[in-house]
Structures are given as C-alpha cells and as structure tokens.
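Same chain, two partners: chain A is paired with chain B first, then with chain C.
Let's turn to the complex of A and B:
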C-alpha cells in the first residue's frame, strides 16, 4: 500500500494555529502527539463503554466540525448586550468561541493572582503553563480531550498565589458558527489559596458545539469551589471535561446544574494524591424534549485518608435521556478511604430514559465505600398531601421536584451562588408561589 | 502480627479436599475442535440429524466469534485446539441396579460424600450424576415417571423426547448468544433435561452432580429445564474437580423456561478446584445461565454459592416476559488466593408488574479479585416494574480487590428501581463488641461472616444449605471456632 502524505482536516487546522500564533516547542510537540492519538481513537461510537448511551455522531452529523477560529471577532458589542450584569468585586473572563476576549473580560490587576489569555501565556512561554499543559490529560484515553489538546487555540490561565483568594466569573460565549470551539483552562491554586468560580454559557444563535477541557492543580490545603450552570437559550452542545489533581488537605467542590441545552456532557477526572484531600461533587439535571445530560465521574483515591462524596439528582420528562457513570477507584495504598456516591432520578414520561452505572473498584481493605441509585416517579401520596392543602397539581409537582433537588443546592457553599442557582431552577420548574 | 491477621493468614492454607482422581476406564475423542470432532460426538451419542446440524451451525458461528474481554478478569488465552472435547467413562452393559455400577465410580461418590444409595434412602433427592460431561446415573426415575415428570440425561432426552428438546433447546440461550454459549452448543456432550408437566409439583428436589475427572478435558454440559403451567420444581447443582496443575475448562449452558404460574428454584453450590495457593491450576468456570419467565406470574429464583474455580464468569439472568413475573438472584461468592470471580445477574423487565430482587454478597481474601456485574433494564412496556438490588462486599486482606459494576436502564416512569452497594472490612468496633461478650476472635469472625451471608443461605434448600455452610467453613477454616 502506498503511504499517502495527505494531511487530515485536523492537522490542517493545527497548521493554521501554529502559523498564526507563536507557540513554544514543547506545546507544539504536545499538540502533535495529542493529534496523532486522536486520529487513532476517532470520535467515540456507542460501542465505546463510556459512550454506551450517548450517540455522539448523531449530534456531529448536524454539521459540526473542528475548524480554525479567527482571533479577531471577539470584541463585538452585540455580545456585550447579552452578558449578565457585572458585580463589583468579581473578576470576569469571557471566552468567545473559545477565544479570550480582553475587551469583554474584566480583570483587576493584583499581586494575589494571575489571569491571562492562554495563548498569550504560551507566547510569553510562562513555564508554569507550558509544563503543566496536558500533564493530567495525557494519561487518559479520552478522544475528545485529545482533540482539545491538539486543536485548542486559546482559553485562560488562572493562578491564585499562596494564601490568597479570588472570586471569578467564567462565561463561555457561543456565536453559533457550526465550528466546534475548544476552550481550555489551566488553573493553579497555590497552597492555602482559595478560588471560587461561577461558570455559565451564553449562546447567541442556534448551532453551537463546544468541547471544553480544564486542568486544575490544587496544592496543599487549597480550595476550589465551582458552580457550573448549563442553561442556554438555544439548542447547544456542551462537552465539558475537568481534570483535577488534589494534593494533601485540598478541597474540591463542584456543582453542575444542567437545565437547557441539547447535549450536556460533564466529565470529572479527579485524582486525590495527597492525604486528607476531599472532593465534593454535586449535580442536578432537569430535562425535557430530546435533551440529554451525561455525568461521568472518575474519582481516584490514590493516597490514604482521602474522602469523597457524590450526589447527583435528575428529573426527566419528554424524550430526554440521562446517563450517570460514577466510578470510585481506591488504590492499594489508599487505606481509610471514605467514599460515598448517590444518584437519584425521577421519570415523568415513559419516553424518557434514565441510565445509571455507579461503580466501585477497590483494592484496599480498610475502606468504607458505598453507593446508592434509584429511579421512580413522584409518589401519589406526596402529591395528595399537597393537593389536599389546596395547591394545584402542577404547582404540587413543581414543589416536590424542587424539594427533590434542593439538597444538592444546599451543598453549594457560597450564599450568592446558592441564590443564583435557586432562581434558575425555580424558573425552569415554573414555580409561582 | 496480631491474632486477626494470623487467623486470616491461616485461611489461605486450607487444602482442597475434593482433589482426587478416580481410575475409571475412559473413552476420549482426539484433542482439538473441528467439524469432524463434532460429527464424532454427535455420532457417539446416536443423535438425530437435526441435532448434528444444530451443532455444526453453532460451530460455524463460534469460529467467527472472539472471546470476550470485558470482564474484570485476568484470563490467560485458552487454546481451544488443546482440549479434549469428549471424554466418557467407557460404556459397559446396561445396568439394572446401582450394584452393577462401576465400583470405582461408586467410590468416587462416596468420597464426594454423596453415596447414591444413601441419598436414595435418606434425603429423597433424585439425582443425575455427570462425570466428565456424561451422565452416568439417574436415580428415582420411577417415582418421577408416575407424576409425569421427565428427568434424565440430555442425550437420553434427545433420543426419547426429541420433540420437546428440539422445541426448547437454544430458545433462551441461542447458539449465537456469546462465545462460550456457541462453543457449548457445538460440543456439549451431555447434561440434564427436566420437564415438569402442567400443575405438577415435583415431590422431591432434583439434583445434578458434576465432576471433571479426566485430565486435559473440558466439561461442556447443557441443562434444559421446562416447568409447564402451575408446576413447581427445586433444582440443585453441585460441582467438583480433581486438583490438577493445568487449567480445566468448564463452559456450561443452563436454560430455564417457566410457564404461567410456574416456579423454578435453581440452586448451585459450585466448588470446582480453585487452583493451589500460588494460583496454579484450577477450573475456568465460564457459564451462561438464563431463565425465561414466559408465563404470567411465573417465578425463577437463582441461588448460588460460589467458592471454587480459578476463574468464574457467570451471570444467571431472568427474562421477565409474562405479566407479574418474578425474578430473584441470591449469591455468595468467596474468593481466596489468586481466584478471580466476575459474577452477577441480568434482569430484563418486559411484562407489566414484574418484580426482581438481587442480593449479592462477595467475600474476598488473599490476593483474589471479586466483582459483581449486573444489569437491570426496565423496558418501556414494563409498567409498575419493581427492582431492588443490594451488593455488599467484605474485604479480608489488604491485597485483595472487590468491585461492583451495576448497570441500570429505566425506560418507564412508573418503574421503581433501587440499588445499593457497600464495601468494607470487618470493623474493629464490631469485632470488639463480639469479643467483649465472650466470643473468641475466631468465633466472632465466623459469626460475622455467617451473618453477612445469611440472607442468601436462607434461600438454599435444606440439603444444600448444610453443604454450603460447610464449604464456607472450609473457605474460612482457621477462623471458625
């Protein structure tokens, strides 16, 4: 067979990236490596165990493909109109189709933290960024993460220095170009530092597809609190993968709220390598129509005395689909691990389907691990209780559903974020009291 | 090393007490697998043309298939051409009574603790004994015949009740179902067949005892059990094998069919040779078991106590097709040394008001790996389906593994599906509580393990529960007071 020298569409995009910004050699190498890896793996099919319930190719068939995105179209005033109001003491990062927008972002200069565009920090060859890039994603065989590593053009680099704290808003804007955008975040939280992120998506037009990858490095006794809201006006597709490396006594707390969007897939790869690291993961998905929400959690306990807690709740109506995959992996060394996982679903329609796979893989003996998973509809006697007190059927149902997910909301630590999530869920459930 | 560690250490050193070889004259087929071998087996058994064709078809399917690798097992690649697919005690003249059976063979049963005579008199268990996949003796034929129950070896059933066999064989586990089922369909040498007619409650426990005896052979038996409307049967299955260095292959298929209001209770105590302390030898137990609850209000209950085999790959499943059908799965799996088990169940809720219950208890010791893998699927048609699953694992050694891989797919809103699983070791506080009340550490461990398995053991028929407890005792020896 003759060897064809023809370049694939993906490597053409990579060529464009390399020619338009100045990348350090090791970034280029990492990108090339990831690309060849992706071309081996290709987009996953349903035969892939992790994608068993997600027909990714169906969504891709709508005409989405990775393409080069110009660095110039990010200062549109029309976009500003669509952004939420700014709070005073909060820094804001706005990524338009994956490209950092300096004009729309609002970053106050400080010695407590560093925030900059990822492409700029590549160009400046900041070693913290270039060395850690793809460090966590390398070992996982995730095709879409490889694709992001290879073809991400921009994103943000965030560093909180020792003992300081930062409140941050991250806004992903999708302009609806049929191009798959590939934002990338590189987050470093130094020891005793604290970062709080409120994340949301703004979609301006139909036809958006984004494949986000984040790498988080948590040093000793640091803390990250993250609330992700996926509540877009138009049908959008969000693939979000977070890779976290937890050192001793660090805390990772993430709540994902999936409300509107055609496909919302959240992957969390957490590795606790320091003693007494703790991870708290929460999730709510409220779906109808043909929506799909996936939550995949890979919680790896590598060091002794680490703990984790997962709580995911979902309400499904219409022809919606949900898939929950939660793995608790306990290494031989990770004695005294305490890990808990729970996934609960309410089905409101016979056309909806809930799929859940809580998994335990345990190689140490002195551990406490458990999981629970359930599915059912709203109990008649609960409805009756409320209706006998004069509340309409619709409102009773809405109230019960709100109560069902409220323990996940309560897990959010920051009061302002909690109120924000509450308001979004109330409007989705149409509660009027 | 404290006392508990010492106790746990001792557990691994218990010898396998069923590891003897019986010197019986055997008849072998040449090693390897091809169409000629299949024709040879079929001819040897005097099978009709349709059966030979069915086997050949299965062989064709199998030769295109690949061995599955999704299980959490470290399975050495099996050379399927290095196995003797047919080994049988040499046929002598027809025997009229037990006295005429080969005395060597009778000794085997005595060693196994299942003297046929004694069984006959005391426990009233009708038995079909399968050595190296050929049925050698079926007891209690006459009593059963009076009730209209057919209980005989598979080869006899193919000859005498061809129509029934032809109608049902492969209807629950088709030949192309999976790699090992296809292999079994092609080369199965014998097994048990049972038919319970309408409205008949089988007056005694039916039982099959399997034993692999000859070296280098694989055992491929096939069990087909049909319970017609309103019938009831409790069926027991036990297994042993001699200790050998090489790995022996056991790939069986069990099919159950349950009509309206019928009930099948299927219990297994599996004690194949697990290999020695260093993980050498042992049986590869690769079994496909499936029951079809075809009729309304039918019920299939699987109970298994798995203590043997180097590798266990086994998922007794229920297809709940009839309205109100019930499926149950109770399992205790004990692994020690280098044993590996990947076992669980599959519940397919298809009919309305179907219920299923899964209780799985895994105990891992030594360097073993013990996994539960299960699927509960509620189809769109299964209104008011109900499932409850519980999977608990007990870890007794720092270097063993316990894993849980449940799958749940719900497509009906009125379905209620619940699953819970826990993994832990015997807590120091629990041990302390028992010792404080005057129990020795050994007694305490034994009591806790027995309590851990109680829910499953309670579901075994009395005759088997005693044996199962004994097996558990052996597995835990050193820790039992």
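Let's turn to the complex of A and C:
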C-alpha cells in the first residue's frame, strides 16, 4: 500500500525502532495499529473527564517528547552508584530510560520463573509474549497507553511458573534526557504461583518523563503483591498504567506510595473474569509545593463472587493537588460482587486541593458496593494529646499523619514490603523513633 | 510546686473559672470534687495547656515557671502530666514507639541524651507490671481497640514512664469497674513520693478510698468553695452537694 500521508514525528520513531531490532510481524502490526489510534486520540486535554484535574499539556510543554532511545547507554557505572543496595534473595530488574540493563539487573537462573528483556523476547518470538502483548490495553481508549504500545522499545517479560514464587525488585532509572521513556512490562503468573514486586524510581537529574505500561495475567489461584514507591529526588513526571486480568481465585494486591515528584499519575485497569478473584488497591500520597498525584481506578467485576477493596489516603500541603477517579463496574453476571472504595485526605493548606470522583456502574442486582470520601484537617484534640506528652508540635503532627495513613500500610501482606513502606514514610515525615 | 492565684478563664465568652486559688506542695495529693459543670475539667485543661480557653486574669506558678505562657509540650517537659478522661487513639503507632518518642523528646528538651533502647524497654516492662498490662501491649497501637479500663490504665502507664512532678488525673475513675479502679489507684499509689504531687479530679468519693488524699477541695461555680482533709470527701458522699450549694448561695 503506498504511503500517501506525510510521516508524523511518532511514526518516524517507530520506523527507527523497527529498523533497530528484529520484531515479529504481529508486534509490528500491533504497534502500527496503536500508533494510528494514538494519532486519532492525541494527548488528552482537560476536557477529557479523566484528565479534568490534570493539565498534562502543561507538563509536556516543558519540552518532553517521544524520541528514539539508544539501546547502548544502559551500562553506565555512574548509574550503579545510585542504585539501592541489593538484598540477597531478590532478583532485580533495572530499566534505564525504559531499556533493560543486563549489567545492572541481577537475575538468578531458575526453572521457577523466566525473566528477560522484553525486546529480546520479541526477537526470540516467544509466543507467550507476542500473543499477549497489547491484549489487555487494546480494549481501552487510553491515548498514553496507545503511545506506549506503539513506541515502547523495551522493558521486561516476567513469568512465574506454576506453583512457584518470586521476589522481584523493579527499578526505573531516568537519566533526564527530556525524552519520554516508555517502559513496558509483560507479566504472567501461572496457577498457584506468587509474585512479589518492590518497585521504585531513581531519577538522576531533572528533565524526566516516563510513561509506563504493564500488562499482568493472573492465572487461577495466583497472587501478585506489588508495592510501588514514587519518591524521586528531582521533579519528575511518572505516568504509570497497569492492566490486570484476573482469573478465578487470583489475588491482586497493589499499594502505590507517591511521596515526591512533580506529577505521579497512576492508572489501574482491573478485570476480574474468574469467580472469587480479589483485588486490593491501596494508595498513599504525601504532597507539597506544586506536586500532583492522581489515582485512577477502573475496577471491572465480570464474574460472580468477586471482591475489591480500594483505600487511598493523602496528605496535601502547599499548592499540591490530588485527584482520585474510581470506577466500579459490575457486569450483570457478576452477582455477589462486594466492592468497597474510599478516598480520605488531610489538607494542610488552604491552597491544596483534593478531588474525588467516584463512579458506580452496576448491572447486577445482588451486590454490595460502597464508596466514600473525606477531606479533613488534623484534629486539635489529637495534636494536644501528643503534645501533652512532651512531644513537639512538629513531631506530633508527623506522628498523626503517620497514624492517618497507617491502615493502608497495615494492609500490605508481605512483611518485608510493609517494613520498606513504613521506613520510607517515616523518613518522608521525618519521624524520629 | 503549684500556685494558682485568682485564675479567671472561660470559653466562647462564657466565664467558667471565676477567680480560683489553689496551692499544692511537693508530695501532696489534692482531690478536687464538685458537681457537674463547675469547671473541674476546665481547670485540668487549662493547666495542661489545651487551646481554646480565654484566660482573663490570674497567674499560675509551676516550680518558678510561668505555666500559662508555656506550650503543652513545654509543660510536659517541665514535669507536668495530665491523665485524660478521653485518651486519643493513634493507629499505626505502637505504645512502645509513642512512649519512647515522648521520653526522648523530654530528655532532648532537658539537654539529655536519648535513652538507650534496652534501658527504655526495661523501664517500660517494669511500669507495665505496675498497671498489670499484658506483654502484647508493647506492640499494639496507642489506645486502638482498648477498652475504657485499658485506656485509663494506659494513661497511668504513660504517667509512670514519664515520671512527672505533678500529675493531674481528670476523672480517671469514670467508667471503671472495681478491678480496673484498684489497678489504676494502685499504680498511682506506687508512684507517690515525697517529691511528686497529684491533683485528682473526681465526682465520686469511691476513688479516694484507694488514693487517699491529703486535701480535698470542693469546686462550685468556678471557684474552690471549701477545703478540708479526706473526711470532707466522706461528708460529701453522705450528704451530696446540695448543702454546698446552699452554703454558697447564702454568702
């Protein structure tokens, strides 16, 4: 077919990707299809209901654009110095500007799981990856996800095989190139298998913008527990979208902790298609200055007897903004669904704002759904109680803020992940114990 | 230790304390009794530094310090303690961490080094035994899921760990069954020394069977209208408060 249209900047990037790595035809096709979708949709404006409180174009105007990222700059020893210490029994994936770094990653060979660079798994034409790529994302009209599908160059493929478990660290490194990086994860957890992920971002200098997309396939009775910590030194921009397909009795438990960064936008698209699947979504954001944290949840109950629980808590100071958009969709077949949603905020300043928009779409009649939101301040009598014990006002406030978010922390199942989150929040709040 | 002179204070323009005088010496236990709404709890709140009260006149000297000028934490650091009627719940913060934080902030304010963790734990265990707290209490969140009696015992435990010069017990007996009352009173009695003083605010004589006061004061209409020894409490128990009201009305 002759090309009649002039090539856009995005399709030029895609051409570069196609000429740099050997992609199977179906990946190329999916990418081209996603690109044309993105070009129809374009970057969302504030007229888009889901972006009402997030002026994305303002952030993009700082000069961020999708560009081809070289595959060769991922072994820098300077990056290694900035990475956290490695734990003994944990596998580590390091993605530098979205590109898998074999040198910085630490993968122990095992028959219990498979971990590899996503681009390598494309090149090897691993059908589990190539077939499932974009399977969950294609249904949704999410422009930024389409952009990632079209222009992601790399990322990781993770498979935990039947009955096994894996502890994994995922570290996204941003080197500050002004290029929008597009990491992509493709995760498969087999029946009765368990994956535990500790995720964090390391930003080396200003000027970073990342648009991450993950697709997760949870087989019967499998479990994923995931903690995402967004706590970057420099003003960074993180867009993170997770698409999850839950089969029967699977458990998805994700806690997103947004502590530092200019824009931290988290999308969760969860589809419970098997009976007794359960999703637990927790979030904590502690913001200041002009920081913004968004949490958008699209929870779809398709099968009967599925349950979900959303608990998001925020503390906002300065002129910071948060936005919580939570949809609970209950299909007509999804009888006995039990879905709960809560967003609570403490506003520390008059200029801070917390926005909340719940949405319920329920087509079954025998369901339990509840939602609620509050914005409040720290209670004087509580503050007084702590101060009357000799604790300074500042420290008393910090302890009460910790207390406010503690129920989200306590819901984390893995003790090591829980301890990690506790420590990061104590350090953020400057709690001295 | 404490010298309250002509204290006048109110809330939202309504005067509650109307010129209250009270002197407390080292090692003394003073009970403050009186009918509802006479300003007993207001007195406790003002002494411990709660916001929201307008102090229109008077002076409070606490061991040479101008108490009313101080922040709540400064009062605690100077050795004042209030056992609350309604203690606050602090989810996610363990009793041990909360108390360690309090002990070390007080030490910091006094220019002392933080207490080493083993020494702190030893102190905490010792004081827990005093109020008959179970071991798992150390890791539990402050007051979360505690029964009324446990909350009050926890107040006494905090008092025991912080070892104040002056402790104010604001209706610590309210809502306690007889066993909890005995534990609480026992805890207080074991902390009595020639240097520590107590103000026990209560409605009922019952608590004073266990914590025997040196002085009993009756508060009415924002003032102390009658003072005596422990027999005054028994008299109040037998006769009620009406005769006090009548006596006061006659003045």
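The rule is short, and it goes like this: the second predicted complex is superposed on the first by the 428 of 433 C-alpha atoms of A that agree within 3 Å, B and C clash if a C-alpha of one lies under 4 Å from a C-alpha of the other, contacts with A are read in each partner's own complex, and residues count from 1 in each chain.
Rule of thumb we're sticking to: contacts are C-beta pairs under 8 Å (C-beta built on N, C-alpha and C of every residue); 3 or more make two chains touch, one makes a residue touch a chain.
All figures in this text were calculated on a predicted structure; none of them were measured in a lab.
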Is A:77 touching the first partner chain B, the second partner chain C, both, or neither of them? neither
Would you check which partner chain A:25 touches, where first means chain B only, second means chain C only, and both and neither mean what they say? neither
Touch count on chain A, higher of chain B and chain C: B
Mind working out whether A:89 is in touch with chain B, chain C, both or neither, as first, second, both or neither? neither
Quick one: classify A:345 as touching chain B (first), chain C (second), both or neither. first
Touch test for A:9: chain B only (first), chain C only (second), both, or neither? neither
Is A:409 in contact with chain B, with chain C, with both, or with neither (first, second, both, neither)? second
Just which bits of chain A does chain B share with chain C as contact spots? none
Complex contacts: residues of chain C adjacent to chain A: 48-52, 71-73, 75-77, 81-82, 84, 87-88, 90-93, 97-98, 100-102, 104-106, 109, 141, 158, 162
Which residues of chain B touch chain A in the complex? 70, 72, 380, 393, 395-425
Write out the stretch or stretches of chain A touching chain C in their complex. 380-382, 384-393, 395-396, 399-400, 402-403, 405-407, 409-410, 432-433
Using the touch definition up top, name the residues of chain A that touch chain B in the complex. 49, 53, 332, 335, 345, 347-377
